[in-house]
Amino acid sequence: MNPSTTVQTTVDESLSAAARAQGRTGRFHLPSRGERRNLVLGLLFISPWLVGFLAFLVYPIYYTFRLSFTRYSGFGQPTWIGLANYQRMFDDQVYHTALWNTFYYVALAVPIGVIVAMVLALAMNAPVPEVPVYRTILFMPSVLPLFAISFIFLTLLDPNQGIVNEFLREFGIHPPNWFGDTRYAKIAIVAIAQFGAGQVALIFLAGLKGIPQSLYEAAMIDGAGIASRFRNVTLPLMTPVILYDLILGVSQGLQVFTESYIITQGGPANSTNFYVYYLYANAFRYGGQMGYAAAMAVVLFLITFAIAILIFQTSNRWVHYDVT
Amino acid sequence: MTTTKSSQHRAEKRTRIAPATFNRRDLVKGAVGAGAMTFALGAQAPMIVRGQSKTNVTFWTTYTDTGLKNLTDIVNAFNKQSTDTNVKIVQIPPAEVTDSSKLITAVRGGTGPDVYLLDRFIVNERAANGLLEDLTDLMKKNGMNPDLTEDYIEFAAREATFDGKPYALPFDTDVRALYYNKAMIKEAGIDPATWDPSKGVLLWDDIKATAAKLNKKDTNGNFTQAGLVPWFDQGLPYTFGFSWGGTFFDKSKCEVTPDNDKIVASGDWIYNYAKDQGVDAFQAFIQAAMKPGAPPQQNPFIQKRMAMWITGDWSIQNLATYAPDIDYGITYLPVPTKGMNSTTWAGGWSVVIPQGAKEPEGAFKFMKYFAGPEGQKMYTKASSHVPTLKSVQADKSLYSGKHVFFIEKLLPTTKNRPPLPVGAKFWDELQTAWQKIYLNKESAKQAYGEAKQNTQTLIQQFCPIT
Amino acid sequence: MAKAIIAEATQTAEQFRSQRRAHWMRLFSQQVLPRIILIAVCALFLLPFYWMVVTALKTTPELAKYPPTFFPSALRWSNFRDATHVITFWLYMRNTAIITALTVIASVISNPIIAYGFSRIEWPGRDKVFLLVLATVFVPFPVLIVALFDIFAKLHWVNTYLPLIVPMFFGQAFWIFLMRQFLMGVPREISDAARIDGANEFRIFYEIVLPQALPAIGVISIFAAIYAWNDFLGPLIYLQDASKYTIAVGLAFFRSQHDFQYSLAMAAATIVVIPVIVLFLFFQRAFVEGITVGSIK
């Protein structure tokens, strides 16, 4: 190792650091040697991600996009059929059902999830000494495998042997056949999702803890009650965290699959045939439909993207970043 | 000639995507980063037992329980007499009959079996997808006629043939009928002797009235006993559609026709049956037994909680094993109106060689035995199914007891599902429509109309179907 | 005069009462109400676990009882043994453990390296590229399965663990993010000192910064372990050979393959869930840190 080059680079670095400290000297400037060196080093360090990004994300998306214009059974070669797969989506009622089921699920599971998580977070924020115990209990289900939870709910919500229906009968309510009834199957799956609310609640709790006490005190001096304090202090300050959860929640909600695969196999009468479940069925169950599945994947990608943009667009109306 | 599949395929070749553009080298390069781990894992993938002179053949089946045992017996018998081939039977997870996802993913990953037991009405669809090997050469080499209709019964041979070429060897067939528990129908005031098939064909509406008398509910409105759940087990769209005299496919128009008046009428009957006797209660009653691969012990007929059961010939064996004490009778499937001929339908399974099989020669040797006289005879006796080889079917010594009725009386009344390159999709669509009907979510006309539309969007690419 | 005193007294009494009321209100809103909510919700959240364990311990006749019993009359511990016999349970567990271990190793190697490039080295365009990393979190994985399966099939990787593990060597957006957040907090001075001493960047990463980042690596290992243990769609698609199944796939097929007795299924589920619970209880703090880092931007 040549000491002079090392000194040189550190000098360069301190120079560029100084430049940074003064603010950018101009929009266009030739990169200094140190910057070039850092660029190379930086790219070197992130190269695993770069390769993975290209190989396992960009390329597959491109591949999917191309497949979506073909008929492809997975055997032999794909046959170019233009937009036929996309046209088929307009006629395919099962696809419409799957789309509807998925939106129904997202529209129910995501907002309910936010409310449940908010209630849990507010409760956990109370100065109760044994709160770590509650936190542990509430958080734990969200790290457990969904396939195992699906099994548990299958037992829990069994129309005859399940304890939930037994409770309902005790209270004189005629219990529904949760997973066997088109009216309740989706709702039961929404309920399963709430079992994982602890994780979001924890994120909300961290947000709550970040709200300065002084704001509450100020509000109290102004004579604000609990409800008013929640509406005017807590909620506005929580909106960035809620935004984060909404976007992630929608993205995850659109992917709902495991519960349907394990518990209902898409039934009864397609009532839990969700988008990804139908995509999976087309890709791997009906052997000939890889092209159609690819087109469905492209549309799902666009839907996810569009909803995320939509939420972001509306967010400047309700998300408050200003107060710290 | 210009309209056949093969010429169509040839035309499509020109517009294919060049495979080289799916850049796989980049991926391999990327994978180098994974280093030694890759090698460590890759090395453990193929486990080939060496030092054995016999060819090893893998045979996958979704059968469970006694079905699996019967198949294993044939495999063992084959292995015993074969000098050069050893078959290993592997049970893979069962699902709906139309769900071949394990097979499809395995074959595409290059890890498929040599022989696969496939529901015969799906052979056309899987062959059209390119999943199966054309058996023509192997048959010729083994001194068999590639025209399956010579040795096998007509409809089974047709189901196993796609585009004029054999893709499967037919194995068994089966016939559906109405089973009834004599002691239970006596409760409803019926003399079991009057239901004997020699007294003629029953009417669906009479069955419904009798069943209603046998329904018992507890204080919570749950069934503790039911007369008949007509959509349980083999109570399927095809069963009722055929019973009402409907047809499911119009070859001249290349159109599936679940919306034809007779099939819709059969659906209406089911809709009203559910409405009159309790939609939700039925659902809770049979849910456990309706799951794919559900064990016979969960079957309400075997539990003596259901008096009648629409099922097939194979249930004779199941009843003998799991409920030998039930005194039951078997009769024709009822008819909707007096004077109509009773119609039932037949299905059955077959053996195929998936693409990429490592030992197609050995596989075929086994298939020839399995679907040949030896295998079919063993299976017929063990499972009370019906053989598809004409020569074996004619052998009266194979049938005894109640099984004789199926062969002599029911077999001549059978129809079968149209072998379509979208058979699995059509089946699934019919099943979904069926659920909507018996759950009273939609009228038969609406549900079957949707089934037609959804299948039709897919079938067009294969038209005309010869 | 006396009136005034009385008035004053009532006033203070009034004040006192209202103070008391405020006190009780505060007590109620801060101690009682949250407790009621928390205890009720906790009971609700514990019910599925209770039902799992109780069902796992029921005898077959009791299982068939209607209405179901909330407290089992006899505990049948042998259900646990039976559940591990009806399927090749321990083989599936072993496979899952192997995949989990390799996933952890891969994540622990790749994510710190990548995060280092995003946090400890200043290079033009870095933060824009990092936004791209974050954006990938929102790409739904199922969008890729059609293509990935085909690509892996062409590489002959299907029915091996490679499609599940190799991508882990290339980092996961969220874990890169966690690691980056942590590395940003490590003081710059220590690497600058090493640079002056002439150490090359990789040595600085490996010998100086990495030892500081052990807690974050712990968080990532736990997340990776949970991810691999819980994964369902990946193994479902890529693994065909029953001898290679993970417990997730094995259990899913258990449902269709065998007499689906609730007691055995719940016994199996209990055994699957226990390692996760244990891991969680031991490393709860790491979990909480990992999850909340994501929220504080």
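Labels for the chains are A, B and C, by order of writing; each one numbers its residues from 1.
Simple rule for what comes next: a contact is a pair of C-beta atoms (placed from the backbone, for glycine too) under 8 Å apart; a residue touches a chain by one contact, two chains touch by 3 or more.
This one's a predicted model, so the numbers in the text were calculated from it and none came from an experiment.
> What topology does the chain touch graph have (line, ring, star, complete, other)?
It is complete, because no pair of chains fails to touch.
> Just list the two chains that share the greatest number of C-beta contact pairs.
After tallying contacts for each pair, the winner is A-C.
> Which whole number of Å gives the spacing of the CA centres of chain A and chain C?
14
> Calculate how many whole Å lie between the centre of chain B and the centre of chain C, each centre taken as the average of the chain's C-alpha atoms.
Averaging C-alpha atoms per chain gives centres 42 Å apart.
> Mind pulling the residue numbers of chain B that touch at least two other chains?
Where chain B meets two or more other chains at a single residue, that happens at 22, 27, 30, 33, 95, 105, 108, 292.
> Using the touch rule from the top of the page, what residues of chain A touch 2 or more other chains?
48, 51-52, 55, 59, 63, 74, 160, 169, 284
> Mind pulling the residue numbers of chain C that touch at least two other chains?
Answer for chain C, listing residues that touch two or more other chains: 149-151, 153, 169-170, 237, 252, 255.
> Which stretch or stretches of chain B touch chain A in the complex?
Those in contact with chain A are residues 12-13, 15-17, 19, 22-23, 26-27, 30, 33, 95-96, 98-101, 104-105, 107-108, 125-126, 128-131, 220-222, 280, 283-284, 287, 292, 355, 424-425, 429, 432, 435-436, 439, 441, 450, 453-454, 457-458, 461.
> What part of chain B is in contact with chain C in the complex they form?
Result: residues 22, 24, 27-28, 30-31, 33-34, 37-38, 41-42, 44-45, 64, 90-95, 102, 105-106, 108-111, 288, 291-295, 297-298 of chain B touch chain C.
> Considering only the defined contacts, which chain C positions touch chain A in the complex?
Touching chain A: residues 29-31, 33-35, 37-39, 41-42, 45-49, 51-52, 55, 63-64, 66-68, 70, 110, 113-114, 116-118, 121-124, 126, 129, 132-133, 136-151, 153, 167, 169-171, 176, 192, 195-196, 198, 200-201, 205, 226, 229-230, 232-233, 236-237, 248, 251-252, 255, 262, 265-266, 269, 272-273, 276-277, 280-281, 284, 287-288, 291-292, 294-297 of chain C.
> Please output the residues of chain A touching chain B within their complex, sorted ascending.
Listed in rising order, the residues are 48, 51-52, 54-55, 59, 63, 66, 70-71, 73-80, 88, 91-94, 159-160, 169, 174, 176-177, 180-182, 265, 267-270, 284-288.
> Report the residues of chain A in contact with chain C in the complex, numbered from low to high.
1, 3, 6, 9-10, 13, 16, 20, 31, 35, 38-39, 41-49, 51-53, 55-57, 59-61, 63-64, 67, 74, 119-120, 122-128, 131, 134, 136-141, 143-149, 151-156, 158, 160-163, 166, 169, 195, 198-199, 202-207, 210, 226, 240-241, 244, 247-248, 251, 254-255, 257-258, 261-262, 276, 279-280, 283-284, 290, 293-294, 297-298, 300-301, 304-305, 308
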